[in-house]
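First subunit A sits with subunit B, and in the next complex the same chain sits with subunit C.
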Partner chain A sequence: MKRFAGWTQASPATLLVVVFLVLPVLATIVTTFTTPGGPFATYAAFFGSGFRRAVLFRTIQVSLAVTVIALVIGFLTAYVVSRAPGWLKSILIIAAVFPLLTGVVVRSFAWLIILGKNGILNSTLISLGLITEPFQMLYTQGAVIVAMVYLFVPLMILTLVGVLESIPDDLIQASSSLGAKPSATFMQVTLPLAVPGLIVGAVLVFTGSFTSYATPQLLGGEQVMMMGTLMYQQAMVTFDWVAASTIAAVMVVITIAIVAAMNAMARRLNPMTA
Partner chain B sequence: MKAGDHAGVDAFADEDAAFAAVEELKPNVVKNYNTGSEMINLFSTGEITAAVAQDFTLGQIQAAVPTVEWAELEEGAIATLNTVNIPTGAAEPELAYEFINFILSPEIQQQLAEQGVDAPVVTSVELTPEQASLWTYGADVIAGLQRIDYAKMNAAKGGWVDRWNEIFGM
Partner chain C sequence: MTRNIHPLLIAGTALVFMFLVGPLIIVLGAALSDTTYLTFPPQGLSLRWFENIFAIDAFRRTILTSLQIALLSTTIALIIGIPAAYALNRHRIQLPGWLSTLFILPVLVPELVLGFSLLKNVAVQFNSPIYLSLLFGHALIVLPYVVRVISASLASFDFSIEEAAISLGSPPLKTFFTVLLPNVRSGVIAAFILAFITSINDVSISIFLTGPGLSTLPIQLLAHMEQFFDPTVASVSVLLMILTVAVMAVVERTLGLTFLAK
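Our next item is the complex of A and B:
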């Protein structure tokens, strides 16, 4: 009866998710199986194209790189923040999430100004005499990765601060009183207990980068096409909505698969559930 | 299609030669743009110094970079068309026709041209040489335009976009 009551209370939210998320996604996927060429024709076309495979591979590669870099930067920052005294902690958290106050397009646009041919970075390097000709940094995979790391690190920090703060100080003290060096305490106590947060952060950042559109569009262009920008092109330039739906379906499946894999990994690594 | 002309072939008959000609351009391409405003930004930040562009962007490019000039193509500029379309099953087709008549009325056409919105399509619009310098305007200019067979191009577009992607996106 108690479980039933929970479901009743959740039903408005469940209804909302079913009507506005599950049904549209299913409708999108259904259209890709009802083409004249047979149920799998569009998928054969997708995976048969070297270019589309390259875009898919690049998207996974960029998203994984962004996730790993964001994990490292986010964890170190969150560790410092969670150990800071109260007043400093508030200031640090505000500073960390400050970029979230502006939109994705604005933040990506800022990188156009930093990385451009006459941008801040190139003109600084030239005036320091380190280079004579500006580097081509825009419209490269590196530019997309840098901008996305900047975009997603605040999310990672927020997720990890909460988790790191919830690790009881007693455990750390117990570890050192039993003779563990700070590095051993970190590796054997803090890090394993932070695994759930690391996984949540990684899932957020990975899915965010995998489905991103504005950043690769602005900083990558056609040279660094990713799944989001390819889907836009299929839908809005060639008007091939079935091909665009196919891309969407591939993205949904891969996202679910990777999130499931991360969750499985979390369950194995988490000392609380193992 | 223009790459085909450059390579001396019909792009519809010999795609490979046409796309080989496109590929020759790649070292000089910073970005392929999707919107006029994106291209104008690239001018103003100094990323690009030349672009294939439509006449309606010239005013804004020059506002950003005054030294930019319009270069006429020897073989005549390519006519790209703006169209006003009524969707199948529209609720108020009569109002839509009235709106089209409104846009095409000489007074509105005159204003659109004078205020830098778009080139006029009504022959009675009279512009001063200064006003006309932004636009595709005048019988001689119009007669010299190159026309594109959109039906033929749209039929080939899906495959061409893929080949284009393979050149610039691999």
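Our next item is the complex of A and C:
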């Protein structure tokens, strides 16, 4: 009996994940191969449509832009935070956790107020005399990218602070006592040791952007359709569940492929294990 | 330590934190405005948009639904997640390696895909109540938090205490409640509160599992924003931010906020 104790305790959670996640998601993917047109008909239709290809391409483009910007901002900020004195570090961590725990709707809504036609940015620019007519900032790719960077920078900062703090201080001190300038220490010691963390952060941000819904819906609208908003539209507006399932399958495959590829890369690039 | 950092980098960091906090201050200001449209800085201070939240039936209803779903899904996740985390720590050799991967699947599989699959293959396929799918969908997405936080608490638990209790004749269930659970209490509280806020804020699962008669607060906020541009949404956002502050206070007292940076 004792041999199965672990299984007994883990079985309710296992059952929930299998019954309500693994099976339904597999069923969604399987149905895309069993349509009357043949096993790959829905994929031919997806990649054959110029509009859907454009949505996929745009989603990749936006997610890459968000990932790169968040990586740069997040890493430099995390570097400063990790070297800050104790009290300041606590304040900065609080300032990063607060937006992280605030919902995506609230955080996207903030950018709706800022970027709107009569929003804060437009009215500020007008009152400064820099522009005469309000800019169209909402429903552009730029608006979606800015709001998503806002969404993911806290996550990146917190992930990377954790990584940077785990780098032994001895290594930094050894480098500088051997005569390396701070910039050389940063480039040759800190950065390489942070690579696995940067990869983890990049995966989180890329997959998060790639599969997001609320932000592109609010700030991109119909004009900046992304995979998530397209999937919702197909499923709940045009009720084309086969097309929605196809988008779902493409999302799952791309997400899992990226996680797997980045995991493999993180293992190869980790200077501690190489 | 800071002396080694280039002043430009410090200035950049200051800008980043203004970028992080600024938009939320703007939401707070917009919520307090006495105007019928969204504006910042607020013109005239008033709390009338907070009263308006509760005057709108849809908000009253969805706030209650969201609280109910968050409470129930978190409870389910704790009831099944605590034993799972225990098993992963105590009986690791018995269990296959993929089991811990299985428990993080809900964060790996895109939430939209999960929400849509629950709608299509559970709610519609088996003609089951949509509420059930919504509830289990939320329980699924909070399960990884529960397993992770409880596992972290158990990592510092000395299992020989438990063995001592059992060898002195304490029955297993009693041991669980009187020895193990009190020792991971702060982990349980933190797991509960993190799971709760995750459920309250969820959009991607709920968007497919709501409809006429059943909606959650974030979905109602999205719907309201598409029709109105008044400060009501800002006021609800402020209420949610107050909840965030409460959550942070609890996390700080139990795990410490730096746990979130691990």
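In this text, the second predicted complex is superposed on the first by the 256 of 274 C-alpha atoms of A that agree within 3 Å, B and C clash if a C-alpha of one lies under 4 Å from a C-alpha of the other, contacts with A are read in each partner's own complex, and residues count from 1 in each chain.
Everything below uses one rule, namely that a residue touches a chain if its C-beta (ideal position, glycine included) is under 8 Å from a C-beta of that chain, and two chains touch if they have at least 3 such contacts.
Keep in mind it's a predicted model, so treat the numbers as computed, not measured.
Asks: Check whether A:Ser175 is in contact with subunit B, with subunit C, with both or with neither, and answer first, second, both or neither.
Replies: After superposing on A, A:Ser175 lies clear of both subunit B and subunit C.
Asks: Does subunit B (first) or subunit C (second) touch A:Ala27, or do both, or does neither?
Replies: Second partner only, subunit C.
Asks: After the superposition on A, what does A:Ala54 contact: first (subunit B), second (subunit C), both or neither?
Replies: A:Ala54 sits against subunit B, while subunit C stays out of touch.
Asks: Please name the chain, subunit B or subunit C, that touches the greater number of residues in subunit A.
Replies: Comparing subunit B with subunit C, the partner touching more subunit A residues is C.
Asks: Let me test your reading of the model: by the given contact rule, A:Arg107 touches which partner, first (subunit B), second (subunit C), both or neither?
Replies: second
Asks: Once the structures are superposed on A, label A:Ser63 by its partner contacts, choosing first (subunit B), second (subunit C), both or neither.
Replies: neither
Asks: After lining up the shared chain so the two structures overlap, which partner does A:Val237 touch, if you call subunit B first and subunit C second: first, second, both or neither?
Replies: first
Asks: In the superposed arrangement, does A:Thr255 touch subunit B (first), subunit C (second), both or neither?
Replies: Second partner only.
Asks: Contact-wise, after the overlay, does A:Thr42 reach subunit B, subunit C, both or neither (first, second, both, neither)?
Replies: After superposition on chain A, A:Thr42 lies in contact with neither partner.
Asks: Which subunit A residues contact subunit B in one complex and subunit C in the other?
Replies: Shared contact residues on subunit A: 112-113, 116, 118, 217.
Asks: Write out the stretch or stretches of subunit C touching subunit A in their complex.
Replies: Residue list for subunit C touching subunit A: 1-2, 4-6, 9-10, 12-13, 16-17, 19-21, 23-24, 26-27, 30, 37-38, 40, 76, 79-81, 83-84, 86-88, 90-92, 94-95, 99, 102-103, 105-106, 108-114, 116-122, 125, 133, 136-137, 139-140, 143, 147, 197, 200-201, 203-204, 207-208, 218, 221-222, 225, 229, 233-234, 237, 240-241, 244-245, 247-248, 251, 257-258, 260-262.
Asks: Which part of subunit A faces subunit C closely enough to touch in the complex?
Replies: It comes out as residues 3-10, 12-14, 16-18, 20-25, 27-28, 73, 76-77, 79-81, 83-85, 90, 92-107, 109-114, 116, 118, 120, 150, 153-154, 157-159, 161-162, 165, 182, 207, 210-214, 217-218, 228, 231-232, 235-236, 241, 244-245, 248, 251-252, 255-256, 259.
Asks: Within their complex, state which residues of subunit B touch subunit A.
Replies: 30-32, 34, 41, 45-47, 157-158, 161-162, 164-166, 168-170
Asks: Show which residues of subunit A lie in contact with subunit B when the two form their complex.
Replies: Those residues of subunit A that touch subunit B are 49-51, 54-55, 112-113, 116-119, 138-139, 217, 221-225, 230, 233, 237-238, 240.
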